[in-house]
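In what follows, structures are represented as structure tokens.
Presented sequentially are two complexes of subunit A, the first with subunit B as partner and the second with subunit C.
The block that comes next holds the complex of A and B.
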């Protein structure tokens, strides 16, 4: 963690990065580059190739894209993912930063460490395990918060997983498994803010809120952006949650809910890898554009 | 998120407003108010309940019969007898399937972890501390691939792996796991913020070769970031669902995450057509517990490193 750097310090950083003689630098990155090409570049190329060809390997223009677009499941799937992302990203930023600040302010370090641990524990249940737990939690008959669900008027699993609830439910699951890790990261970043800056702010009369808003959050900026980018990438990948939910509800809820499920079904149910690749490419383009905007606007490369 | 905030903020309006004369009383007043404000504690506790309750419920669910699960207090302990019965029923499912899945997960995740660390640490170091042709391009490529939703590549990866006839081989998931740009970027961030360049220069002046500098200076200081990368990589791989779901067609090759999905299909309350191979809900809860235990254990050991790794960045001025 460095302070947002000025042009001068960035130039200084560039000066002090030592040029390596010979090919030492390339040797160090060689293995990584091989993996990058094999599992990053080549599959991307494959996706693009398949997206623009038909099953006879001849150029197909945009026909795969229009096939996907015209599919009755496509529009709803886009809507689902966008709605889910909105819930997920907003709650992540607000609560992770808020909780990290609160935990960081605690005077008792032992208690603060315990809280971070407790918040993190569900991280161990990421993926299918967490979804299974939430299938139980959302079933009023066995749920530990059954009284809460009943108070809200839901008496059966089917009522809880009504289609309109899914973005919030998936957000709950994702937040439950993912937020703790980010709280640990934000806490670490908060620790990296030099104590004398906070001390100076305190002497100058800044309260906890002002310190958080004017010093800590701006200095966390880089990490917040980082979190949002990765959470966005993760969010568009929505697959296991709706997939398992659709299994658990006999296809009533969550079937063909997300774009990834749609790509999967195109590829493995309809044997139409070209349309599947078109969906993949679309997801890819959206991801890259948003990431690009974040990177450009946040000064993410400050450390460079 | 404003982009114009700089260090100068410390001397901002807050500093101008309160003069030395009023500063002391104001601070005492604020401190007193902070002590009685119960809101932060309440929020923290509420989130403890949110994060912990489902885990607690899961632990207890494994000790119950299905009837107790529905009828009893959700946060009560069942009995060791029921736990034993659930264990027997679960391990009998398809003849030890659960242990086979756990073994598979352990194998895939640990092999991928070793490769990831060996590949990511030197790469992150080279990009952070040295200049070479293509460095910036590689860094940007890393960032781009890291941001790329990797599940969108699952189908193309399937086609690629299929073309080289590796479908059904463990390498079809281990090698894609081992490619972990997030780990490279973490290492890059760590070295560029936490490792003083003067240290490297000193080693060079003392006649260290570039490999010597890496091995003797950078690597010993890299323990926290290695723990961090290893930890994130292990958790990510252990909990991955989509890739093995697509790549591994054989039931006995499944990692435990995908295995849980198979179990879910055999629970009659969730799948009325489950049929003969019935799995009761408490058994599913027990299987979920077994599936998460290794990650939990790893976290207990890595927690110290996690915080240490983050703190290490603070030493740079």
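The block that comes next holds the complex of A and C.
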């Protein structure tokens, strides 16, 4: 619409537009909402429906949940995912924050751009492709770092992928493919900390470590919480790494490893979509509860 | 008319991230919503007896094959240009990928999309395909009994459910003892005829020629070569949904102790013959290798690139005193006919041709044909190829009839159970003998998860 020429009508136009202060924003959100409903809300609703019905479409109460709980693969899968999450979340928080601080300190030395690029490159590979790269890296026979693996006493792929190593290996793969993006985000957040605060700290005699520990990390808190919430939700849905490892190792490692794989197996190996849905609903509930706890305890939505 | 060839398996990998599982599950749900079908679950016919074909409207014959069987479908298209074919390649369900079952369960929900004929590299597809209403019965009028009697003894056992035949066996995978003939001669060794001799030779090799191998226990099909041949009762499928599992009998423990001895003295490898480790470090040091009939072409000629005139085949050793010779079996693909096909006549004609014709099975098939007349032609072809050090015909033919029938074809994968339960612990230094109870528990668990009634 072209702008009206008279002052009165301009004022009228302004009045009618006030309820919609950012119509462009709403347009963008509308497109997102459509996708969210189609690929997020509707499937979730349908999964919940499946989780509480049996294969004849009649109400089944919690029987699908108890079927999943009683399955011999369920307990070990929960254990695997918890162990993996412990490794993954701790290493993510420590190394992402540490590396972001490092990059930020190097900003003045000109190395920062190169490092940021290097951190981000692995993330640019699609997830599955990144995992495939690791399957080669971890095979002492073909690995470019095979000498390292052999020095550690691993001479065959089967020794590297021993069951006890898997949480660490999956953490390595996930960190390599996913952490780069977070480092860039944290770096951006560090840049938002006003320079005068850092200068004040320096004048007060704070060194690099003290500045990081007392100024920068506290001011990054919300970003860290945000990262942990998303990483937790992603981590509980561990699937690609064990699934590909399972195929690459002919099923020696990674079969039925995570809860998501178990859901997949229920649906497609045991032909039990309802129990598969129950497992996915459990993951949804755990993700929501943990996000709720983190949001509530961190004051995530409090205004500064 | 030209055949359309496209790959569906390729889509399975690709842009997958950690959310794939949920997205996949979500995809199922969305499909189910859009199809707006009534009750989910099984599509069409029930398993036994009451097969009611859909209206036979003809049209394009959709055939799913793996890349190894692609030449077969293409050859049929060339010989029968009047048949309109859509040839689709997929992973053939290799390594228990479950691709076919996944797809069929989706098609059952959307009530369309089933292929007319499918090849699977797995021989246990009938166990679910009948239950899911996908496989059409093949005897009882569809394929003449005179044709069906041409299959090797027991070849179609995995395809038979309650006396009805639901698939056709493509190839047999009877286990034999492959060995390097010039090397055996050079070192003055006799090919062992009993497992006792085999073990003694392994101990000799370990001291006289350390590094050389007389077998591998690192493959998922290790139990199918050694335990099956030893008549170990770990997989006695007694009914469509019943299995007896016993891994503690003497038939199991004697083989476990043999494996332990040879693994310990390193004359038996713990790497899979298809692993990079085996290919790089061990392929040139194979003195003997117990394995299925397809090892000759696929492992020695194809993967190891062993030169011609070296590899020969002998019958798998037997336990001394055992009067009924037995061997194991590793796979052997199957062809299934869709119960939803609107083109049953053309589909049946194709299935019959692809499993029995000398043009394909006799001349170009990579594995030992399950159809006897084709097997004879195939063996003649192998003999004339001049690759092997001796004639392997007699050995393979005899072994084809000696596959022990006490090891069944269940829905759960014995290979997957062994790979996940036993292999990692062997790698960590445990013995097969100490793992027999854990192996049994795992079989029982997986069988129960598939709805089997388990007797111990």
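Structural remarks
By our rule, the second predicted complex is superposed on the first by the 264 of 304 C-alpha atoms of A that agree within 3 Å, B and C clash if a C-alpha of one lies under 4 Å from a C-alpha of the other, contacts with A are read in each partner's own complex, and residues count from 1 in each chain.
We adopt the following convention: contacts are C-beta pairs under 8 Å (C-beta built on N, C-alpha and C of every residue); 3 or more make two chains touch, one makes a residue touch a chain.
Values in this document were obtained by computation on a predicted structure and should not be read as measured data.
Contacts of A:264 after superposition on the shared chain: both subunit B and subunit C are touched. Residue by residue along subunit A, subunit B and subunit C are tallied for touches, and B comes out ahead.
Within the superposed three-chain model, A:255 lies in touch with subunit C and out of touch with subunit B [touch as defined at top].
With both structures placed on the common chain, the touch criterion links A:234 to subunit B and to subunit C.
Within the superposed three-chain model, A:103 lies in touch with subunit B and out of touch with subunit C [touch as defined at top].
By the touch criterion stated above, A:133 is placed in contact with subunit B alone, subunit C being left untouched. When the shared chain is aligned, subunit B comes close enough to touch A:24, but subunit C does not. Of the two partner chains placed around the shared chain by superposition, neither subunit B nor subunit C is touched by A:169.
Legend: residue contacts after superposition of the two complexes on their common chain; A:92 is shown touching neither subunit B nor subunit C.
Look at A:214: by the touch rule set out above, it reaches subunit B but stays clear of subunit C. Touching of subunit A by both subunit B and subunit C, each in its own complex, is seen for residues 38-39, 42-44, 46-47, 50, 126-128, 141-142, 234, 237, 239-240, 243, 247, 249-250, 260, 263-264, 267-268, 273, 276-277, 280, 283. By the touch criterion stated above, subunit C contacts subunit A in their complex at residues 13-22, 24-26, 28-30, 32-33, 39-41, 95-98, 101-102, 105, 128, 131-132, 218-220, 270-272, 274-277, 279-281, 415-416, 419-420, 423-424, 427-428, 445, 448-451.
Here subunit B touches subunit A in the complex through residues 1-3, 5-7, 9-12, 14-15, 17-18, 23, 26-27, 30, 34, 40, 43-44, 47-48, 50-58, 61, 69-70, 74-75, 118-120, 122-123, 125-127, 129-136, 138-139, 141-160, 175-176, 178-179, 181-182, 184, 189, 192-193, 197, 200-201, 204, 210-211, 214, 235, 239-242, 246, 257-258, 260-261, 264-265, 270-273, 281, 284-285, 288, 291-292, 295-296, 299, 303, 306-307, 309-311, 313-314, 316-317, going by the rule given at the top.
Residues 38-39, 42-44, 46-47, 50, 55-57, 71-73, 126-128, 139-142, 155-159, 161-163, 174, 234-235, 237-241, 243, 247, 249-253, 255-256, 260-261, 263-264, 267-271, 273, 276-277, 280, 283 of subunit A touch subunit C in their complex. Residues 1-4, 6, 13, 16-21, 24-26, 28-29, 31-33, 35-36, 38-44, 46-47, 50, 95, 98-99, 102-103, 105, 113, 115, 117-129, 132-137, 141-146, 176, 180, 184-185, 187-189, 191-192, 194, 197, 200-208, 210, 214-215, 218, 221, 224-225, 229-230, 232-234, 236-237, 239-240, 243-244, 247-250, 260, 263-264, 267-268, 273, 276-277, 280-281, 283-284, 287-288, 291, 295, 297-300, 303-304 of subunit A are the ones touching subunit B in the complex.
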